[in-house]
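In what follows, a single structure is set out as structure tokens and then discussed.
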Amino acid sequence: MPEVTVLYFAHLRDQRGTDSECVATTATTARDLYCELVQRHGLTLPERTLIVAINEAMVRWDSPIADGDTVVFLPPVSGG
Amino acid sequence: MPEVTVLYFAHLRDQRGTDSECVATTATTARDLYCELVQRHGLTLPERTLIVAINEAMVRWDSPIADGDTVVFLPPVSGG
Amino acid sequence: MDDFQVTDRSIDLAAWRRRLDHPQGGGLVIFEGVVRDHHQGRAVRHLDYQGYAPLAVRTGQVILTAARSRWPLLAALGCHRTGHLEIGEAAVWIGTAAAHRAEAFAACAWIMDEVKARVPVWKRETFADGAVEWSQGTILRTEAPE
Amino acid sequence: MDDFQVTDRSIDLAAWRRRLDHPQGGGLVIFEGVVRDHHQGRAVRHLDYQGYAPLAVRTGQVILTAARSRWPLLAALGCHRTGHLEIGEAAVWIGTAAAHRAEAFAACAWIMDEVKARVPVWKRETFADGAVEWSQGTILRTEAPE
């Protein structure tokens, strides 16, 4: 089963209780992976409020994920 | 004859060759005083390019001048 | 040294300012975003920022590059803090230099707008009453600036 | 210390910056006008500024007061150099602080526009070819800002 690294920030980090984890997953897209994580960990942020990044580039929700990828779901930002 | 102090800046200071002088004058307005100075010292800046200040306040050209006043003819500015 | 940086240490304002020096730079504009002692009427005790540093730095650089293509800038620099910030500390610093001031003002304000919209950084406020809350924020904007 | 000053000594940028500190000041904007090494294509060696100090200070204060009435500012400060300036030296410094950045940006740019139009200061350029010329300048604007 492919393994990806998931990084968590802000609300998601609080909800997951960690800043990163290795996840073995059958998900083939970023969207599927987030669905899995929502089910496993009770994450509450809806997909429409998040932006997904794979390997430090922002991508579409239907982008494929591959073994070794770093995947990040980015909550609404509040810099400045 | 009333005496006023005239301060010179920029082009006018160069043309008059001093930064200030005491002037005994029969002029009764700022305009008359400037005309006198133009005639005496060959100042070349036309009245329409200048703003006149008496005692550190900008005033009209027909403002009266009185003994002891400080009068300044302010050339086009170039601060900043 | 990267033109856009994310740091968990105090922003060295004087060092960033020195990097704006340029012999043709007649107008320099600096923006500092500073931690306020209140937010929407509530007293704030301190802030913590998290940032996704590699993507934040890359996005910041993209913003600066876009600014340089929109205005004739001699310098465009930025820095965003992460970590724990006390009241009065600088959370963000943006600096621009141009031959004339209009471009430096416009670019500095624009860069700051873009940084707020596009750089993955999150602010958590600790209020005087003990409440700890992530700032509401805005959905991260991903499209390139025109 | 006056909020607007005219000085024939180097502008102490760090000291002016400190005077912008305010616990509610979330956005600080600073403009620095710096001596460039060229003007309209000609190489500049150095500058000299003359100023009618008492009226310059008073007019500067009037401008800052007007800015405070137009925007909710926590601080508005300015300083203009006179005397001999080398390339790279600050000729003018304007700083604003507000709760939010839009007001700080707008006020800082507006103050600088007003200073250029209304403060009695004159710039003399010494060019690399030895020519010495007063800057063309603009007729001093005397009406109060709306």
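Chains: A, B, C and D, in written order; residue numbering restarts at 1 for each.
Please note the rule applied: a contact is a pair of C-beta atoms (placed from the backbone, for glycine too) under 8 Å apart; a residue touches a chain by one contact, two chains touch by 3 or more.
On a predicted model such as this, the values are computed, not experimentally measured, just so you know.
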Most remote chain, CA-based centroid, reference being chain C: B
Separation of mean Cα positions, chain C and chain A [Å, integer]: 26
Distance between the centres, which are taken as Cα means, of chain D and chain A, whole angstrom: 50
CA centroid of chain A to CA centroid of chain B, Å: 74
Where chain B touches two or more other chains, by residue: 80
Chain C, residues touching no fewer than two other chains: 33, 101, 112
Pairwise chain contacts under the document criterion: A-C, B-D, C-D
Chain C residues within the chain D interface of the complex: 13-14, 17, 21, 23-38, 87-88, 99, 101, 104-105, 108-109, 112
Of chain B, residues touching chain D in the complex: 7, 9-11, 13-14, 48-51, 53, 56-58, 72, 74-80
Contacting residues of chain C [partner chain A, same complex]: 33, 49-52, 54-56, 58, 80, 91-92, 112, 115-124, 134-140, 142
